[in-house]
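Heads up, there are several structures right after this.
Both complexes below contain subunit A, partnered by subunit B and then by subunit C.
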Partner chain A sequence: MSEPLGPQRRETQPEEIAGAPPTTAASRFAAWQKAGGIIVPILTAVLAFLIGGLIVLATGHNPFQAYWDIINGAGLNWLAHPTNTDVANTAAYNFSQTLLQTTPLILTGLAVAFAFRCGMFNIGGNGQYLVGLYCANWVGVSFVNLTRPAHVLLGIAAAAAAGAIWAGIAGFLKATTGAHEVITTIMLNWVAYWIGNYIFQQGGPLQGPANKPLSIPISGDIAHSARIPVFWGDADLQGLHIGFFFAIGCLVLFWLILNRTTLGYEVKAVGYNPEAAAYGGIKVRVNYVRAMAISGAFAGLAGGLDMLGYLYHFGTTDVQAAQIGFLGIAVALLGRNTALGVGLAAFLFGGLLYGTTHGLQSGTIDPSLAGHLTEMIQGLVVLFVGADVLILAVWNSRRRIKRRRPAPAQQAAEAAS
Partner chain B sequence: MEPSTVLELRGITKRFPGVVANDHVDFDLRSGEVHALLGENGAGKSTLMNILYGLYKPDEGEVVLKGKPVVFGSAKDAIDRGIGMVHQHFMLIPVMTVAENIVLEVEPRKAGVLLDYDQAVERVREISTRYGLAVNPTAKVENISVGQQQRVEILKALYRGAEILILDEPTAVLTPQEAGELFAIIKSLQEGGTSIIFISHKLNEVLEIADRITVLRRGKMIDTVPREGATEEGLAKMMVGREVLLRVEKPPPQTGGVLLEVRDLNVDDDRGLPAVRDVSLSVRAGEIVGIAGVEGNGQSELIEAITGLRSASSGEVAVAGQVVPHPTARRMLDVGVGHIPEDRQRRGLVLEFSIAENIALHDYNKPPASRFGWLFPRRLIQRARSLIREFDVRGGGPQTAGGALSGGNQQKVVAAREVSRDPKVLVAAQPTRGLDVGAIEYLHRRLVEERDEGRAILLISLELDEILSLSDRILVMYEGRIVGEHSGDVTEEEIGLEMLGGRRKEPSPA
Partner chain C sequence: MSTYVGTLRRSRLYHSSTVATVGIVLGVVACIIAIPPITARSAVWPVLLGMLAVLFGIAALSRGAGRVGWGALAAGIIGCGLSVLAMQSSVSNLDQVFTASLIASMLVFATPLTFGALGGMFSERSGVVNIGLEGMMLMGAFWGIWGADKTGNWVWGVLIAMLSGALLALVHAFFAIHLRADQIVGGVAINFLALGITGYFFVQLYHGNNVPTGVSQIPDVKLTSERGTSFFAESFGHLNLMIWVAILFVPLSYVVLFKTPIGLRIRACGEHPRAADTVGINVYLVRYGCVILSGMLAAMGGAYLTVGYLNTFNENVTAGRGFIALAAMIFGNWKPFGAFGAALLFGFSTALAFRLPVYSSNAATLFQALPYVLTLIAVAGVIGRTVPPAADGRPYKKQ
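Now for the complex of A and B:
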């Protein structure tokens, strides 16, 4: 009658596992992450590339050639140390451009990821990026008497602050009125968009002074003292600026905040379970505002680094074309809202972005398709991440098939797990 | 003469990833008997019944119905063969009438597509008199009591021709009076020839109603015993696998000064309607005060107001003689109120956090857990390690996610966190809900120990048994008011009546 309590005794029973469906987006994400590990994002990316390849195939071109061209266009061949000097120089330049694109993507990716860890979906990365960029431009054009470090740092700080305020508005509205951040951040994107169209238009307040004719809707160039030093390439040819290391530093900062500070503890508690957080004595509303502000600071910083690092000026057509903030969503989702993941995903998208626009020859791909391949892959990634349940189901069914013929060792491992 | 066997489950085995939910379970049901299926949470009772009801397919074993092996592909197959199930959570449509709910899917029709409502009402009336289950066929389900809703569920099964009725934890949602009525219904169904499987983890009611009792433990069938000769102690031992102390051993309380005082508290619920009305109460050091009541009579709002999670519309809360101005969760924690919340998964724990992080939930922002906003994960782990040992948390270490623990161990983590902060007042809301006998025993003993440490304990529970066995003083809550106060030795019937508003001090305004 008495049964030995062997090592196979399990405390968790299936009823209990099924008992509590995770409620918030962040807790669903945690469950998803636990279930799929590193496999799912890789699967997601592979699947997106596969379908992208099929589309290239459907237009009558060779998808392998197309992807090979993208890889070379992104300068990844530079890593293989090409012996031909011409090839090497081109590759080096391409690679520096890929990293230049990666820099703001890291930051807009972190912006989405940070809000997500607090249970919010910040769709307003693009608006925050733009206001950061405007402020950096304004600081860069004004305050010409500052020393270079002071001028650069002031511009960066202004950009981050602008992004923080912009996103903070959405956080504040959520905390006080319950307005959903997805709606408010989208609206703030449009506000930022039209502000840009206004300030850079003919006769607009930031439209270029003496060095630009009044008929062009474009800002003035920032002063040389406001330019972030370039460490790879030529500053006049969009060289890679040291803001890149700034972005890498932000990855580390993101990890430290989340894992080593009480602030990160609160953010995660609120993100996983706001009720338990409130019960623990954490002020949930304060956290909504603060996390949004930090999120926005990352995106604003992206705009600041772009402006002070290589753009130097901005026009209304640039405002209309800006996509970096939106790409941040795909970066964060593919990177699963972790520091390392965001870094890798930003590099992937940075490479795609530059590789598709500069690597593809009209012979290998339909010219009208070339620039859109990145957008397609971006859309597919978002789609597949949204379909996480589906991908997990596919993945788990593969495991189920494996379990039907389990090896003895595997059985033992399962029993012990 | 031995009554005939109507149903047999032979060698049923069901595996889930990493766990065997049913391990070669045998079970048989005789015609016209009440056969109780007894076991702790997670023992495999629900899995077994879901197999019988066609919701799961067994990995091994067979179901034999009236001598013939059957395979059910879905619940519909089971219903067609005369098996009915009343789930713990009712599957009724609140906005529809009783008759509409009962005939759902097998409606009498007119003109081929329209519901013949008059005939539906007539049939429900007929079946309800035949089985002696009084319901009003034209009442809307949302307007009738939980006990009545359960009758509707039973009628729904009978209407579909159920000869075998599975009742899954049927008394969990009922008051003692309603449970008594349910038992009368079960008896009369039994006399009418219906065979009943009664799933429960409560020993006393199993002994009251069942003819035979089958005990499951961790997926294995331990034994099937007749009621005659079975005792609570014997059954508990079979359920848990060791001797269990069923009665809480409790020395008389050594009370001190008043540590928690609530004065004229009024609290609104989420809809802005008054939920707590003019409640005053006090709890002394070294005393357990229990609040009895049917769910939804203002207990949750009262606890939330006392712990600062909900602001009161008027009244005050004093801890150790000091009135707490504008209570917030943080402030109440700081003045020494510990809180075991009623829903440990929704509020008591962040399931994604590790045990160590969960234990730090109130103190993560103070030394030694952190300094100047910088967190020291290793210190959290150290603290968790010693508490895990002290509170006998099983199933994981400091870095195991809270969600990976069983309910009993999750509750131990919550209790460890609250008690280790050395609170003056401990508010324990449904501390043993959904836990198995072993964990209940542990938590009850612990609560008494904390009382004897000189804490003031306010216990809120929907389980009258729990209130009666732990409390030194009992308050009864009905429609937001305290309608009765008793010493610990009051009878269940007396309180049960007050819980339903039977003996109010004053009529409540509508």
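Now for the complex of A and C:
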């Protein structure tokens, strides 16, 4: 493979240009990259759904019906404006619930994506989400004298700060001792998990005073002044709160930080090559801590919005069941760590999450079965995204077949001339 | 006389690390004499021993022992503190917590961790990071009890568990080795997949309820004829077969890894795959073998959990034990005995956490976070830096 590159390239170049619509090789390459950039996630998702469908088929259920149910369960039929008012109302509710699930997924996805851009893998999204949630709950239950916007904002700020500190520990350890952030964030996840089990359990510091005599390990409800206003649906029925726009705003913020600020430039430079960044005068260690803290702030914010937006209280069983932070990994990877991609992937997983667990109507597939189908699809997505070599090989083999077809015609033309 | 002193100075006894080790032992002893069966009720002896440990620590530090010296210093202070704490509580409470069966239950909790940690060690020694231990353990836990239930024989249960773990590990190996995917991403995916697969089939095959009771269980090894009350009988008298297997596997994997040509090849692949390839070692083959072995070992840990200990299954039954196993492996510095020691420590802390509600149920819950905090401290290099294999996590491309 050590042929001289220069002259060889020049000889082949005109041929390539003649065959393709884009005029220069550079623009062709850019187009190919762009196609690969979109195609890889789409193929990944399709492949994951395909294998998930095969498992559904193998266990004796109808995969098409199952997926159709999930789509309807997620309320996507609302977009088609159903004429039947009952169907329309259910669909609208389901769709609002899908967006409600999408909100924290966007943020935990951004958390993973931001650390990724700095060359770090933040597996601790779940722990950061949980500590954010605890802090928001504490703020929401205390400080009852505050007025609404102040109380809500204080809760959100506390949640983001808690997440930032929790992730910042991992960043700090990486910067000072070189401890690998994957290990430290996994450990911090479990520390957060046990803290949650501690604070909400019987006699725990955050257990609700009303729940104490009943031995219910659940926190108290947050004050009404701390609840984020609902703009779609009924606040008592988990309506969609305006935190959704907050999450969308964070997508924009994420893009702005990375593409329009010095901070983002430094983060990306460290992510591409820490040695080169250090040579260029960027403080790599500072950026590790900073990027982790920002990443954790996103995840903590997700916890805060969930708590103040629709959960209002939390218990030990909720702590044990929390998966939103882990789903963020799949969201970020599928979204290729870009703002738009994370938004779309979060919507996909939000739909899956709600569509499989709550929204199923026809009895084709057991809801609990479908819930595990989500986990499998999530696993397959992460598995395939990690191996874009495989996906690109599939994509390229398709291209190769395509390229082979015009080849005889070209040869004929060459022979004729 | 002066020659005698000179010999003493040169001997190992006088060496700073020896002094520090004695200090650490003294600190531990200070702690032990305050709890049953000795239960010293006077603070004099523990505090004296603790202070002696601190002195040894300072002596070692002044001779340049570094971390071990600080360890002795810490052991003395912590030993003092814990023994004084033990004296604050009543004898009856202490007797309730520190029984001989504490050792038995420590071994029970340490066994899945030992299997997982040994598995992870083989995989990482060959250069493949295995975050998917949790998933492989979960697969073993579910398919183990399924196998034992369907065949009516626990042997088949364990074998099927190992097969399921090996299959999942094969997926990880294929993506990590042949497709050169990010191994951490792959491991995360393995954990999700296992959660989905076991949950899905649990609902599909058992409708989400507990599996039928009376599933063939891995037998206990009865060393004492009747249920004796002696310390030995209560600690080791009737332990599960898998516990002994786990204990046996520790020296076995030490010998395999460090005393055989195969072990040398495994370590070469983890330290410098290019060099290993140059001398004719098939790096891909070694890595595949090690990852699959790690899946089998982790699955054995899972099978012990369901077929040997709980005799039932619920969703996500491993509940993070695979991650503690990973922590034990790191804490044990990628070495068999180190990993086993860490597994015992973490098992002990879990066993203790289950008995601490005598004092305060709140503190007991928080105590469960101890393994994770200790691992955080360990990777941060406070207790001596952990050193992973040089090529751990780096995909290798054949030339």
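One rule holds for everything that comes next: the second predicted complex is superposed on the first by the 356 of 417 C-alpha atoms of A that agree within 3 Å, B and C clash if a C-alpha of one lies under 4 Å from a C-alpha of the other, contacts with A are read in each partner's own complex, and residues count from 1 in each chain.
One rule holds in what follows: a contact is a pair of C-beta atoms (placed from the backbone, for glycine too) under 8 Å apart; a residue touches a chain by one contact, two chains touch by 3 or more.
Being a predicted model, the structure only gives us computed values, none of them experimental.
Of the two partner chains placed by superposition, only subunit B is touched by A:Glu275; subunit C is not. Shared-chain residue A:Asn259: touches subunit B; no touch with subunit C. In the superposition on chain A, contact is made by A:Ile183 with subunit C only, not with subunit B. In the superposition on chain A, A:Thr374 contacts subunit C only, with no contact to subunit B. Here subunit C touches subunit A in the complex through residues 131, 171, 175, 179-182, 184-186, 188-197, 199-201, 203-204, 208, 320, 323-324, 326-327, 330, 361-362, 365-366, 368-369, 372-373, 375-376, 379-381, going by the rule given at the top. Remark: subunit B residues 16-19, 21, 41-42, 46-47, 217-218, 220, 222-223, 238, 241-242, 307, 309, 328-330, 333, 339, 341, 345-353, 357, 360-362, 364-365, 370, 373-375, 377, 394-396, 401, 403-409 touch subunit A in the complex. In the complex of the two chains, the subunit A residues touching subunit C come out as 55, 59, 121, 123, 173, 176-180, 182-184, 186-188, 190-191, 193-195, 197-198, 201-204, 326, 329-330, 333, 366, 368-369, 371-383, 385-390. Residues of subunit A touching subunit B in their complex: 1-3, 5, 9-16, 19-20, 22, 26-27, 30-31, 34, 259-266, 268-269, 272-273, 275-281, 283, 403, 414-415, 417.
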